[in-house]
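There are structures below to look over.
In the two complexes that follow, chain A is the common piece, with chain B as its partner first and chain C second.
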Partner chain A sequence: MTYPTNPITSMELILPNELGYELIARDAVAAFAWRLGVPIDRIDDLKTALCEACINAIEHGNSLKPDLHVEILCRVEDECLVIEVCDEGVRPFAPKAEPLSIVEKLAGMGSLRGMGLMLISQLCDESGFVSRDDVGNCFRLAFQRHRAASLGCSSNPGSHVSV
Partner chain B sequence: MMLEDELTVSTRDREGVAIVDLVGDVTTFAEEKINSAYREVTNKGTRFVLLNFRQNDYINSAGIAILIGIVTEVNRNGQKLAVSGLSQHFQKIFRMVGLAQYAEIYQNEDEAISGFKRNTLRVS
Partner chain C sequence: MDKHDDTSREPVEKIIELRLPSKLGYERVAMDTASSLARRMGFHDDRVESLKTAVSEAVTNAIEHGNQQDSAMKVVVLLTARDDELIISVADQGRKILDQDDTTSSPHIADVLEKFDKGGWGIWLIRELMDEVEFTTAPSGGNQVRMVIHLEQ
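For the complex of A and B:
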């Protein structure tokens, strides 16, 4: 399959706020990333990171409320594919100081859940919450489109909280 | 509506190793099936448990939490745990979250069985 030399560089998705729909977003965004030249091994990372960001939005930001939605905005910024996952902010994000390690979890020091943000931060070239004018949380993931790119992914103007 | 590839869990014995075959997505919806299969093989007195995944299935952080719960039980019951069949990507994920410290990762079931045998010989 041959792709156009000037491909579309942005895409938006609106997901129902239901667990499982992150898989539809994953497959759509993975196909979009592939068209934009993101290396295949990074697409696997993108898929996992995006699913975790969507699950956080569905479960925490939107508190599993079925009448809400999750918005996913994808666009090219410089040499990066940037993906923003935005919820409707029933619950504002409250970052924990440091996620528990598996050793601490096995010692019964807290929930076995809560590894999503840690995974995201390790799988993306950049990640973090960004401020937005509307209500809701917005989480930004960035991936370099080409392995050889030496520059990082530039952040949007506004606050950017890395995780 | 179920968008996921719903998990099918089955158990079998091979050369003294309890193999738990996991076919489908390992997410929050998998908890009861996985825990039930683990209880079943543990009640039979097994010392060696192999979680045998199917390449390319989806595992998310909620699924990983279930597996950490299994590690807790395995440690408590003095068993040995291993995993097989994971894609390269999910092998990396298991290392990232620390599961690889508690469960040996093998490419496939045959390697895992050989690994259990080697470890048994080393112990005895």
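For the complex of A and C:
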């Protein structure tokens, strides 16, 4: 099953691989989402989730290398705003078999950091790594455009690792 | 590092590239992106407002005139942040090439008020608000406006 993508309603943003630029991405994509009719409370969720995804790309995927870039692709798929955050894959994403829960982290069983993917999964209607032809990690976030409730987005065809 | 090394050093710059649909309304995305970067660089609020207006006019011109509102076309905005300035380049795909005379002439207010269409102030506004403005041809062959705003320390 495929879902229509409107090539006209798409935006691309390429950022320097430097912490702090996730805030520029946040403001750019929030303006794009507002234009597409995404409710304001969902835009707040989007801003937090996008920042987390960008920080992951900068810190982990691109290993903080200043000569690399993070690419953000935004488009409308069916009734969802889909955002892909792609890095250049210095470090490929390797999912942990059993990530620690917040309770376990608070109990000192691991670093207090590393909750970005869990946070993103709570804020988006759908999220996860997707395969791409180029080298690099690509993380997909999807938000319903016209409903405040998180009812879920139709998933993109192809490989998709939910978090 | 000696003094010679310091003065011969290449300016540090960071580039953000934004590709937008050629559809009126999406100039807001360019405005918000540029203002977010300008605030991060330390520009004062009044300069940020000037920048937003100039970017809005430049992107609107690219959508309306350069790309003739063909929503399948793109507008490319390049934001180059340097230590002492922000350079904004707005390029269209050149469905209609801008007449160079239109980039230098100033509208006469009396003439404009008599016309039904009160537009035509965009380029004049950009020149008033930005520190440097240059109209060139984009690598794609379209129209390109390069605007510079200096950061006062």
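Criterion: the second predicted complex is superposed on the first by the 149 of 163 C-alpha atoms of A that agree within 3 Å, B and C clash if a C-alpha of one lies under 4 Å from a C-alpha of the other, contacts with A are read in each partner's own complex, and residues count from 1 in each chain.
Note that contacts are C-beta pairs under 8 Å (C-beta built on N, C-alpha and C of every residue); 3 or more make two chains touch, one makes a residue touch a chain.
Note that the coordinates shown come from a computational prediction; the quantities given were computed from them, not determined experimentally.
When the shared chain is aligned, chain B and chain C each come close enough to touch A:Leu23. Contact with chain C, but none with chain B, is seen for A:Leu13 once the two complexes are overlaid on the shared chain. Of the two partner chains placed by the overlay, neither chain B nor chain C lies in contact with A:Ala57.
When the two structures are aligned on the shared chain, A:Leu106 is found in touch with chain B, with no touch to chain C.
In the superposition on chain A, A:Ala31 makes contact with chain C only, not with chain B.
In the superposition on chain A, contact of A:Leu119 is made with chain B only, not with chain C.
Touch criterion not met for A:Val70: it reaches neither chain B nor chain C. The interface of chain A with chain B overlaps its interface with chain C at residues 20-21, 23-24.
On the side of chain A, the complex with chain B involves touching residues 19-21, 23-24, 41, 44-45, 48, 51-52, 55, 101-103, 105-106, 111-116, 118-119, 122. Residues 14-21, 23, 25-26, 28-29, 31-33, 35-37, 40, 71-72 of chain C touch chain A in their complex. Chain A contributes residues 7-16, 18, 20-21, 23-24, 26-28, 30-32, 34-35 to its touches with chain C in the complex. Within the complex, the chain B residues that touch chain A are 1-4, 25, 27-29, 58, 60-62, 64-66, 68-69, 71-72, 75, 87, 89, 93, 96-99, 101-102.
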